[in-house]
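Each of the two complexes below includes subunit A, the first together with subunit B, the second together with subunit C.
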Partner chain A sequence: MTPPDTLVEPEAPAAQAPGVVGRGPIVTTRKYVKIFRASLGERMAYRGDFLLGTVLRFLPMVTTILLWQAIFKSSGRSNLNRFTYNETIAYLLLTHISRMFSSMPGLAGGIAREIREGTLKRYLIQPVDLIGYLISYRAAHKVAYIVTSFLPYALLFFVCRNFFDTFPDPATLAGYAASLILAFLVGFFFEASVGMVGFWFLEVTSLLYIVMTLTFFISGQMLPLDLLPAPWSSFLKLLPFQYMAYFPAVVFLGKVKGTELVIGLLAELFWAVFFMIVARTLYRVGLRRYSAYGG
Partner chain B sequence: MGQGILRYLRMYAQLGQYTLAREMSFRGNFLVKVSVEVIWLGILLAFYATVFGMTNTIAEWNRPQYLFFVGAFFTLNGIIETFFLENCNDFAELVRTGDLDFLLLKPIDEQFLITCRRIDWGTAPNLLMGGGVMVVSLYQMGWPFDLVRLLTFLVTFGCGIAIAYCFMLLLTALSVWMIRNQSLMEMWWLFSSLARYPKEIFKGTWAQPIGIFFTFVMPILLVVNVPANAMVRALEPSMVVFTLVSTVLLFWLSRRFFLHALRSYRSASS
Partner chain C sequence: MPIIEAEGLTKTYRVFQKKEGLLGSLRGLYRREYKDVRAVDDISFSIEPGEMVAFLGPNGAGKTTTLKMLSGLIYPTSGEASVLGFVPSLRADAFRRRFALVMGQKNQLWWDLPAADSFQLNREIYSIPAPEFQKTLNELTELLGVEKLTRQAVRELSLGERMKMELIAALLHQPQLLLLDEPTIGLDVVAQVAIQKCLRDYHTRRGVTMLLTSHYMRDVEALCDRVLVIAHGRLVHDGPLSGIVERFGHAKLVKLEFADGVAPDDLGRFGEVTRREGPSADLKVERSRVAEVLGAILDRHAVADVSVQDPPLEQLIARVFEEGRRSHDAA
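Moving on, here comes the complex of A and B:
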C-alpha cells in the first residue's frame, strides 16, 4: 500500500475565491491578508480532528525508531555512511518538520478540478490571481497546521531529545529557517506545476499518485539519502525533491555548513524560482487552450 | 445455511464481475494504479536492499527471511486493499450523506454489503507481486518443502487477513459517531504500520510493553508475524493456537460493535 497523499495533514477543502475588488499595492496586500484570515478561521474550526490526526501520526514514528534501532544493533556498527543511530532518528523526526512545510495535499488535484469543472473562470473575471490566491490560502493553512500541531510535536521532540546530540548554533538555525521557507515554495510551485498539466490532460489524479509515491522515497522521507549506494545518493541530491525533506533536516543536524550551506540554499532558491516560472508559464499557455466548461 | 452461503458466494461473484467490467472501461486508469503499486514495491525492495547492504540480519531475521516477511506483508495489504479498504473508506461518506439508508434497506447482511460490495481490481496484482517476492525468498534460502509449515502458513495467513479486516471494521464503525472522520485510508496506513516489521524489533524498556500490548491485547502484530515466522523461522504451536483464538474472538467482537454502531446511525438525509 502506498503512503496516502494526506499523510502529513488533512486535505484542504476546495478553495473559494472571494469577490474582492481593488487596485494598488495596499489594497492588493489587504486582499490577500483577508484571504489568509478567512482560511485561517476555516482551518481552526476542526482543531479537535486535527489534534487526533496528529497524535495518530506518531505510531509509524515509533515503529521506525524501533526498526532503525534493530538495524544498528544487528549491524554492530556505530555509524552507517556517516550517520550515527541518533542522527538517523533525529533525521527522520526532522523530515516530519520539512514535510510540514513542503507537502501540499490536494493542491494539484484542486487546480486540475478547477480547470476540468470550469470554475477557474472566476479568477479570470475577478481581480484575483489564481496562483497568488492559492499561495495565501496555503500559507494560512500551513500556519494553522503548525500552530495546532505545535504542542504534540513539542512533546515528541521533548521525549526524543536524547537523539539530538547537539543544538544547532544561530547561523545554522537561520539557514534551517531559510531552507524550510524555501521548502514551502519549492513544494508549492512544484505541485502547482503538476496541477497545471490539467490544461492538457483533464484527469491528473493518476499522474499525481505516481509523483507522490516517487517523491516519498526520493525526497528522503524513508531514509537519509546518504545511506543509499553510491551513484544513487549523489544523483538524488541533484534533483529538486531532496529540498522537500532531506535538505532542511541535514541542515539542522549541521551536516551541511559554511559555503556548502550557502550553495545548497541558492540551489533551493533556484528550484523555487524554476518551478514558479514553470507554473506561471504553464498557466499562461494553458489559459489559451482553456475553454471554460460548465457554462 | 448451505443455501445461504451459496447465495452470498453467487452474489459476490456477480459483484466481482461487475466491478471488473467497470474497471476495464477505464483501462488507462487501471494501468496507472498497477504501476503505482509496482513503484511502491520497488521502493520497499530498494529500502530492503539498502539496509541489508549494511547488515546481515535485522532483529534475528536474516536476509531471505526478512524478504519473505516483506512479501507476506505486501500480499496481505494487497488483499485488504483489493477486497475491503475502499468499501470501508466510503462508509464515512455514506453516513454523512445519509445514502447508507439505501444499503440498509436491502435484504442482505449489512456487514457483507458495506464491506464487500466492491472489489478494487487495481491492487489485485499485488497478490501476484507479493507472492512472487515470497517465492523468490524461499528459493534464496533453499527452503526445504514442509507440508506442515505450508499449511500452518496458509491457515495463519488467513487468520491474519481476518484480524486485519476486523480492526478495519472497528475503525470503520467509529465513523458513525465521528462524522468528519480523518480518512480511513490514512488511519489504516498509520495503524497498519505496526504490522509492517518483525515483532522482534519491540525490544527495550519502553518498547517491550508496547509489543506485548499489540500482540496479546490488540493483536495487530500477529497479522504477518505468525504466518511468516511459521513458514521460514520457528513453528510455535502456542502462537498459532493463540492466533486462531484471537481471530474468532475479534471477529465476534468487531461484528457486535459494527451492528451496535449501525443502530446508532441516525439517517441524516430523511
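Moving on, here comes the complex of A and C:
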C-alpha cells in the first residue's frame, strides 16, 4: 500500500450533526479533501530532506549544460531547429518543472503491488475509492513538494536567468499554469492505467522499467522534440507523452502561442480525460476479474 | 429480518495447472490446463441480529471464501447472499459503512506509523464525527487495555497487540456486522484469551452480530452458541456446539481406575481401549451400551474410581470433517 499519511489533529466538529453519517457528493468531496490535507501534513514534516534532494537533483544539470555547449560549438550554428543554445538550456531547466507535476514515482508499481499482495481489499471493503484516494494523496505530495522546493528552484532559476531571453507575458503564464496542472492529470492517469495491468500480470517490474525509460525519451525530457529528424518530431508531438515534459516547457518559452496554445491545451485536456477513462475502465474490468477468480 | 441470508452459495475457482519443469512452463504458454475447484458448494444459512456464530472447518474447507463472498470481495459462481439487506458484490457505500472484516493473517494498519494514524484515516474514510470517534476510540482502547500503545509504530507491537489494534480499527465506525477470519491465528494462549474476552465483552455491550472463522476449538467454545461446520465446501452441521456431540458423538469415554493396581486385560471385550497406564484405562464405549458395560466391569473387577465423559470436541470435529470428506469423495 502506498505509504500512509500522518493525519492532522481532529478539528472541532463541523456543521455536521453528531451521529449523522455523511453521504452525498459534498461530503464525499470533503473526504478526499481531508485525505489530501492529511497527506500534506505528513509531507511537510520532511522539509529538510526535500531541500537537500532538490539541490542534488540539479547537480547533473552542470554536465548537461557543458554537453550542450560542446554540441552547439561543434555544430558551428547558433540554432538547431528553432532552438538557440540559450533556449535549449532553458528548455531543459523547464522540463524539471514539468516533471515536478507529471512524474508519479511508485504509483504504477504501488497499484500493481496492492493487487498482487491483496491489500487492495481495503478499498473494496471500506467506503473509499482507490483512484480517488490515490489522486488526493498524490496531489498533496505534489503541493508539499512544490512549496518546499520553491526556494531552491527560485535560486536556481535566478542563477540561470541569463539563459532566459524574455520573461513570458501574463497570457502565456496562465497557459503555462494550465498546462502544468493538466500535466499532473495526464501523468497521474497514465501511470494509474499502467498500474492496473497488475490485474492481468503478476509481475510488472520489467514492463514498468520499459515504460519509464521510453517516457523519459519521448516526453522530451532528454532533449527538445524539435531537434529530432522530421517524421519523428511530428509523430512524437501527436502522442500524449509530450505533455508530461515538452509541452509546458515550450509554452513557457513562448514557442506556442494564440490558437496553437488553446489547441494544445485542449489536446492535453483530451489526453487527461482519455487516460482517466482508461484507468477507470481497467480498474472496473480488473476488479470484476479479481472478484471472479481470486480475492 | 436476518442480518445474513445465504442461499445456495457456490464458488468455483479455475486453477491453472502448471506442468513440471521448463518444458512444462513453455507448454503452459500456449496451452493452459485448468482445473475447476469447488471451494464452496451450495451453502445455505441465515443469521439473526445479535448472533455470534462460528464457522468451523479445516484449512481449505471454504470458510474464508464464504466470508469473502459475504463481504463482497468475490462474486459467487451461483447462489445468492443478502447481507444487512444488501447484495454484497454491488459494494454499495451504505453497505460498506455497516460492516467490518478483520483478517487475522492480513495487516490493514499502516506498518510504519502509530495505530492512531490509521484510526484517524478510518475516521475520514467513514466520515465519523469527531466527538463520536473519540468516544468510541476511548471505549475500545480501554476495553482492550491498549491506551498507551496507540502512539507507537505498529511494527513495534507484538502480534497480540497488533491484533487488538486491528480490532479497534475495524470497530471505530461501529459496524452492525463483524466478520472475523481467524482472529487469533498465531497468537499464544494468553493473547488468544484476551482477544476472546474482548470480543465477548464488546458483543455483550453492543449486541453486534459476529461471524468468525477459526480452527481453534477454544475460540468457538468461548464465544459462540452456534456453529456452522463446513468441510470440503459443504455445510455439514448448523446448530449449537452441543449438537455436534449429540449428532456425531456416538461414543462416550469411560475412564476407569482399578483398585488392584493394574488394569485387567479383558477390557477389549467392552469397547475400544484408547489408553492404558498402570491401574488406569480409558475405554471408548457406544453411548447406548454405557450402563451395561459399566455394570459388567463393576461385577468383575474392583474399581476405585470411574467417570463417563464425552470425547474431546476436537476429536468429534475431526470426525465430522472426515465424514464430510467421505461424502465429498463419494459424490
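Simple rule for what comes next: the second predicted complex is superposed on the first by the 269 of 295 C-alpha atoms of A that agree within 3 Å, B and C clash if a C-alpha of one lies under 4 Å from a C-alpha of the other, contacts with A are read in each partner's own complex, and residues count from 1 in each chain.
One rule holds for everything that comes next: a contact is a pair of C-beta atoms (placed from the backbone, for glycine too) under 8 Å apart; a residue touches a chain by one contact, two chains touch by 3 or more.
Predicted, not measured: the structure shown is a model, and the values here were computed from it.
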Touch test for A:Leu223: subunit B only (first), subunit C only (second), both, or neither? first
Classify the contacts of A:Leu266 with the two partner chains as first (subunit B alone), second (subunit C alone), both, or neither. neither
Figure out whether A:Leu151 sits in contact with subunit B (first) or subunit C (second), or with both, or with neither. neither
In the superposed arrangement, does A:Ser291 touch subunit B (first), subunit C (second), both or neither? second
Please indicate which partner A:Ser74 is in contact with in the superposed arrangement: first for subunit B, second for subunit C, both, or neither. first
Can A:Lys34 be said to touch subunit B (first), subunit C (second), both, or neither? second
Could you look at A:Ile125 and tell me whether it touches subunit B, subunit C, both or neither (first, second, both, neither)? second
Per the contact definition in the header, classify A:Pro60: touching subunit B only (first), subunit C only (second), both, or neither. first
Residues on subunit A touched by both subunit B and subunit C 1, 3-4, 6-7, 10
Subunit B residues touching subunit A in their complex are 28-29, 32-33, 35-37, 39-40, 43, 46-47, 50-51, 53-59, 77-78, 80-81, 85, 123, 180, 182-183, 185-187, 189-194, 196-198, 200-204, 207, 210
So, in the complex, the side of subunit A touching subunit B is made of residues 1-4, 6-7, 10, 46, 49, 52-53, 56-57, 59-60, 62-63, 66-67, 69-71, 73-77, 80-81, 203, 206-207, 209-210, 213-214, 216-217, 222-223, 227-229
What residues on subunit A touch subunit C, complex-wise? 1, 3-7, 10-13, 16-23, 27, 30-31, 34-35, 38, 118-119, 121-122, 124-128, 288, 291-295
Complex interface listing, subunit C residues touching subunit A: 13-14, 68, 71-75, 89, 91, 93-94, 96-97, 100-101, 103, 106, 108, 110, 112-113, 117-118, 120-134
